[in-house]
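What follows is a single structure, and I will ask about it in a moment.
A, B, C and D are the chain letters, set down in written order, and residue numbers restart from 1 in every chain.
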Amino acid sequence: MLNKTRLVARYTAGERMNHWFVAMTFILLALSGLALFHPFFFFLTNLFGGGPWTRILHPFIGVVMFVSFLSLVVKFWSNNFITRADLEWQKHLGEILANTATDLPEVGKYNIGQKYLFWALVVIIPTLVLTGFVIWRPYFAAFFPIPVIRVAVLVHSVAAFIAISAIIVHIYAAIWTSGSIRAMTRGTVSAAWAKHHHAAWYKKVTEENKL
Amino acid sequence: MALQTLDIQRRSATTTPSPDVRQNLQTIEVAKLIDVSKCIGCKACQSACMEWNDVRDEIGVNVGVYDNPPDLTADSWTVMRFSEVEVEKDKLEWLIRKDGCMHCADPGCLKACPSPGAIIQYSNGIVDFQEEHCIGCGYCIAGCPFNVPRISKKDNKAYKCTLCSDRVGVGMEPACVKSCPTGALVFGSKEDMIGHATGRIVDLKERGYANAGLYDPQGVGGTHVMYVLQHADQPELYHGLPKNPSISVMVSLWKGVTKPLMSLGLGFVALAGFFHFIKVGPSKEDESEHESEPH
Amino acid sequence: MQVTRRQFFKLCGAGLGSSSLAMLGFSATEALAEIRSFKLERATETRNTCPYCSVGCGILMYSLGDKAKNAKSTIIHIEGDPDHPVNRGTLCPKGAGLLDFVHSASRLQYPEVREAGTDEWKRISWDEAFTRIATHMKNDRDQNFIAKNADGLTVNRWLSTGFLAASASSNESGYLTHKIVRSWGMLAFDNQARV
Amino acid sequence: MASLAPTFGRGAMTNHWVDIKNANLIVVMGGNAAEAHPCGFKWVTEAKAHNKARLIVVDPRFTRSAAVADYYAPIRSGSDIAFLGGMINYLITHDKIQHEYVKNYSDATFLVNGDYDFGDGLFSGYDKDKRSYDKSSWSYQKGADGYVLVDNTLQHPRCVFNLMKQHYSRYTPEMVSRITGTPEEQFLHICEMVAETAAPNRTTTFLYALGWTQHSIGSQNIRTMAMVQILLGNMGMAGGGVNALRGHSNIQGLTDLGLLSNMLPGYMTLAGDKEQDFTAYLASRTLKPLRPGQMSYWQNYPKFHVSLMKSWYGDAATKDNNWCFDWLPKLDKIYDVLQVFELMHQGKMNGYFAQGFNPLASFPNKAKIGGALAKLKYLVVIDPLATETSEFWKNFGEFNDVDPNKIQTEVFRLPSTCFAEEDGSLVSSSRVLQWHYKGADAPGEARGDAEIMAGLFLRLQGMYKKDGGTFPDPILNLTWPYIIPHSPSSEELAKEFNGKAVTDLTDPKDPTKVLVKMGEQLAGFAQLRDDGSTSSGCWIFSGAWTQAGNLMARRDNADPSGLGNTPNWAFAWPANRRIIYNRASCDAAGKPWDPTRTVISWSSRQNKWVGMDVPDMRLDAAPDENVGPFIMNPEGVARLFAVDKMAEGPFPEHYEPFETPIGTNPLHPNVISNPAARVFKSDMEAFGTARDFPYVGTTYRLTEHFHFWTKHARINAILQPQQFVEIGEDLAKSKGIKGGDWVKVMSNRGYIKAVAVVTKRLKTLTVNGQPVYTVGIPIHWGFKGLTKNGFLANTLTPYVGDANTQTPEFKSFLVNIEKA
């Protein structure tokens, strides 16, 4: 049973801190953004000290998140290229979701779902930042014509919707896939987990360790 | 007959109806009629507006025109717009339009506002900003088809004409209307104002303005500030008064479909995960994999 | 960290609970929509006439305080008098802004003198002002008064001091001014009627 | 108002603000009522809306009035007499005159002195050296009975009508267009519209203001229009008349009260040096009728004069001392403001008071005014606001570049109250005396004008009492019956100018019957007497505060006739008449020309005049007595021929502004400008010519501001914050100036810098074959107050005045302009 507790390093402390920083800012942004999006969520402004504070904080948090997100992107960039094997793996998605998959192609550090998330965020977060600047009062909005602002608010909200949806999926996937969360909390995963979910990556890191 | 009643008809960022039992025949919609053909551009309305509402804009500069202040601001809720046009050759006309909030029946600002109760539409038609609820996001600016609301540099709250709701609420006319020396501004029930306008249009047609007409744009459900225009076929002549204003499609999409759909969408995604978990349970690596682990 | 089915339920429960809590406990006070309070409700109304042009518009001045002994009146608002047959409540941009004339920062507060050749105002009392001005006048009048002209005709005039009267002052002030100025024998006397 | 009195007898707006709504045609010319009098202009819009009236605007600029006009025509500044003279010619040649009216109510039928003549720009009797006329030939032919000879057939070549016809025959439409720059067809179109109101039941009303008065021919501008109104039969009619829109809130009142160099209250006049004999003084002003049966109301002059002197000098004024006649100063010439500042500039004055007046900004040629003030020993400024005049000695850079150390004037600045802080009455342009009430205390130590005057007077009087001095009698004996001597109340003063019975007044027909008891207020000027038994400080205001109380405070706005007359609102002089000369609203038989607008009419049943207004006629003067409607004129009728009442001629003649852009007068090149205008030699040298200053400069007011006051009021400073000048697109293009650019405007007297407003509203005119451009110069800026500091516009204006009123020529002078 020792095998079971044998651990494989997946994330460095820096990566973990960076991830959770992005995660926290994202949550704050999602909550404050939703508060300003639909009256149903307006109560969330209370988490930020009321409506005006929510309006003031949201864009600044956004800038902070964007910067830390960029650093994460740099760190994760090279592991997120989609491979032929990923596409093969994707064909088995139904079985995977049903927990019935067997004999899957070996997955690298990230599966295609994670890669989709990565690339989606790479597109959407800059979009949010750009459109966010267009509607940012009192500092920047005045420099843009009103029709541009109108497009920006719409794009901003649609983009935010996609981003939040994607993150919900991301969070759920982490919860659903037992043993995943410790990768980001402790930096390590069990060898079994690694072998099961990311066999190619596991092989790679074990070979490196042997050297 | 409750012309002055300030019962709430609509409230920004509020999904349930406002108290509604008095919303019956007893309520009369009010309107301010601006007869551009009678306006001499004296700015008495601007003066009275500042005085009554206790707002004073900065003392600015002259930018080469009579318009001053040159644009609406959080402290200037109404300004005169001067346009020198020659509709007929060699017949100069100096069209002077009082600009300010139109008090739309379907207010784009109210639609866009995310803060509950920061924008109120009273049952008499007045659209009023409640600055203590305003969060300063400026969505009202994006929502307005007439480019009226302005965010104050002092307190980051949005301001605009209230149609003197405090005066109307005690049975008086707005300060601008009262001051207007030539009677270019008139205030009363919307029905009466349309009647008054009809008479004015007959007079203008008799004086050679064949296209005189009333500006009460239906694209925003009609307005509670209306214009009598000498050239109603060309409202753009009047310093770019929009011909067919309506709430922008972008704003309608944003505050229309996307709002409930995307909220529901997020709920759906979360629920989908939840039920997925209920159905299939966690995804776990096989015990065998542990055992086959090499030593 | 691994989440079991049970833990998952707990997590969801906590999330729901905290948000409901926010809704109940921390929710912003939902103030009712309130218009600005009507500022003239108990102000004192005084009838006056616009001092600018000669249309003579009737105005209503509203002042703080009900004229009780211990209340000090301050004009807080001015608008047109609807009963006035000429302006019928309307005012022009000047009349509508009268409040800012009444409270102008340029209003003079006390008598001042600028001594010859200096570059500043000096505050003086009314008493000093009257004495100094009257002394100037008497010196000038006593020296330069013309009782008889070159032809020996009685003319009784004082030409070396002149007076411009204010055509925005009341008839009563104007009448008194005329009465006084002519008693001094002045002829260099005029008002805005000429310009 | 020295142009209306020579024509009609009284110098004031004949109708009233609300009455404008009754007009069929409104001509705004020589003014910009929408801009300067917006609340009065309301009645123009009412006439348009409810009376189907048309509005014509004739102005060098397309003004705010023009913005709502039915018809606008441009005109070169200073050429109005040519325009209106051309209109007279049009009306006569097209026979568009109200014949019955002209025949009965004007002097058209009167025969003129055979020596009267006009040729090559000059009337008979001109003295070139004195720049004035011997007016003896400007008179009527009189019969043996002392009455003027008339020819009711209008055939006599020397009758006024024919002389007038001949005089204006030179003003052909081509000539009018050549002088004014108004396109001929536009001029004719306006003539046609005006001519329609020659019908007895149609009226035109003219609204004018400083656009006519501020010229070297200002008074004659107005007279020409007055003549048009006579020919159209519009005087005395509801919706007609001549509406002089006065500037300041009480400029009418101060004129009525005679606060002018040569005047006494109620349009009485001071004596000249040569009028040493009191009886002769009275006789020359006690005008005897020139036609049989006329009222010639000035026959009552002695009553008014003696009552005034009783008001001022009380018991000291007795029949034996000619009611203190000698105590009044005698005139060797008129000391109008131009004359006074000329003397001051020459160092001939020591002291000056500016009470609520800003002469540094208001009089022409700021450099001269500032230089003149610097030569005074003492200057006293009484004002609620810190004016430019009070700081003329202070350096404000380019705006007022002086060295305080070199100015030895001692300046006193006394704070006065403003309207909100005092009780009293003001006379509106409609001649209505309206009472107002104090609403709050003045700031700091400010005092009312009356209190300040009383303080000064009592201090000086005290010195004379104590130390004696030169001729102290009038100072020591001035009546001072005020309860608080240092602060006479408005009520006391108003009662004093209304007048009271000094002794019991008894019925002349029955000496036992007391009409008014001693000390009681008089009911009106009809009760005044010349025996010292009545006192009244201003006879035309008599009736304002009677035994019944303060009629000026009346607030009944009922309008029984629907014509807007409101007879019980406040009090109108004279005798509460709202439309003066209203007898002329009826035909000779006493029937209204327009029954739908009946002002008064003769009731044969009651044997008196009745109507919605107080008849301007002896109540029992039956129509067949032929008492003329212009009761102040000894003729009983209005004067087309002004006899000797005007300085530069009995008929208005077009003269060019002293700074003319065309350098000639197309009518008579030998006499270019007003030969009798007030101009001093040194100022003549300061005139510029079109060679150096090719553009017409004209100054004016904007609706956002009132003169130099409202720049101290924040709201108005916001509405129009910075000095600008207006130029047309053609001129702007040729000078490379764009809207918003800074420009420098220069005249021969100085320069100003301002922001350029480039507009389509200032068109290039073709005058005498050459293009004429106008530079519009609003006046409201200065170096005190909340608006951005600016130049006083009078830096540019020439020091020349009208021959009758000495009003300076602010409306037409020459400038150059360049990009700053």
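Just so it is clear, a residue touches a chain if its C-beta (ideal position, glycine included) is under 8 Å from a C-beta of that chain, and two chains touch if they have at least 3 such contacts.
All values reported here derive from a predicted model rather than from experimental measurement.
Look at the CA centroids: the one farthest from the centroid of subunit D belongs to A. With centres computed from CA atoms alone, C is the chain lying nearest the middle of all the protein shown. Centre-to-centre separation of subunit B and subunit D, using mean CA positions: 49 Å.
Centroid to centroid, with C-alpha atoms defining each point, subunit A and subunit B lie 40 Å apart. Centroids built from CA atoms put subunit D at 84 Å from subunit A. Once the centre of each chain is set as its mean CA position, subunit A and subunit C turn out to be 65 Å apart.
Touching of two or more other chains is recorded for residues 2-3, 8, 78, 87, 90-97, 99-100 of subunit C. Of all residues in subunit A, those that touch two or more other chains are 45, 50-51, 175, 178-179.
Residue positions 42-44, 46-47, 50-51, 116, 133, 181, 183, 277, 281-282 of subunit B are each in touch with at least two other chains. The residues of subunit D lying in touch with subunit B in their complex are 34-35, 38-39, 41-42, 44-46, 48-49, 52, 62, 64-68, 70, 72, 703-704, 714-724, 738-741, 755-761, 786-788. Put simply, subunit C touches subunit D in their complex at residues 44, 46-58, 61, 63, 72-75, 78, 83-88, 90-102, 104-119, 121, 126, 129-138, 140-145, 147, 149, 151, 153-195. Within the complex, the subunit B residues that touch subunit D are 37-44, 46-47, 50-51, 56-66, 68-69, 76, 84, 86, 92-96, 181-184, 200, 203, 206-207. Every residue of subunit B that touches subunit A in the complex is listed here, in rising order: 13-15, 114-116, 133-139, 141-142, 147, 151, 153, 156, 248, 250-251, 253-254, 258-260, 262-263, 265-266, 269-270, 273, 276-277, 280-286, 289-291, 293, 295. Of all residues in subunit A, those touching subunit B in their complex are 1, 3-4, 6, 34-42, 45, 50-52, 54-56, 96-99, 135, 137-138, 141, 146-147, 149-151, 153-154, 157-158, 161, 164-165, 168-169, 172, 175-179, 190-193, 195-197.
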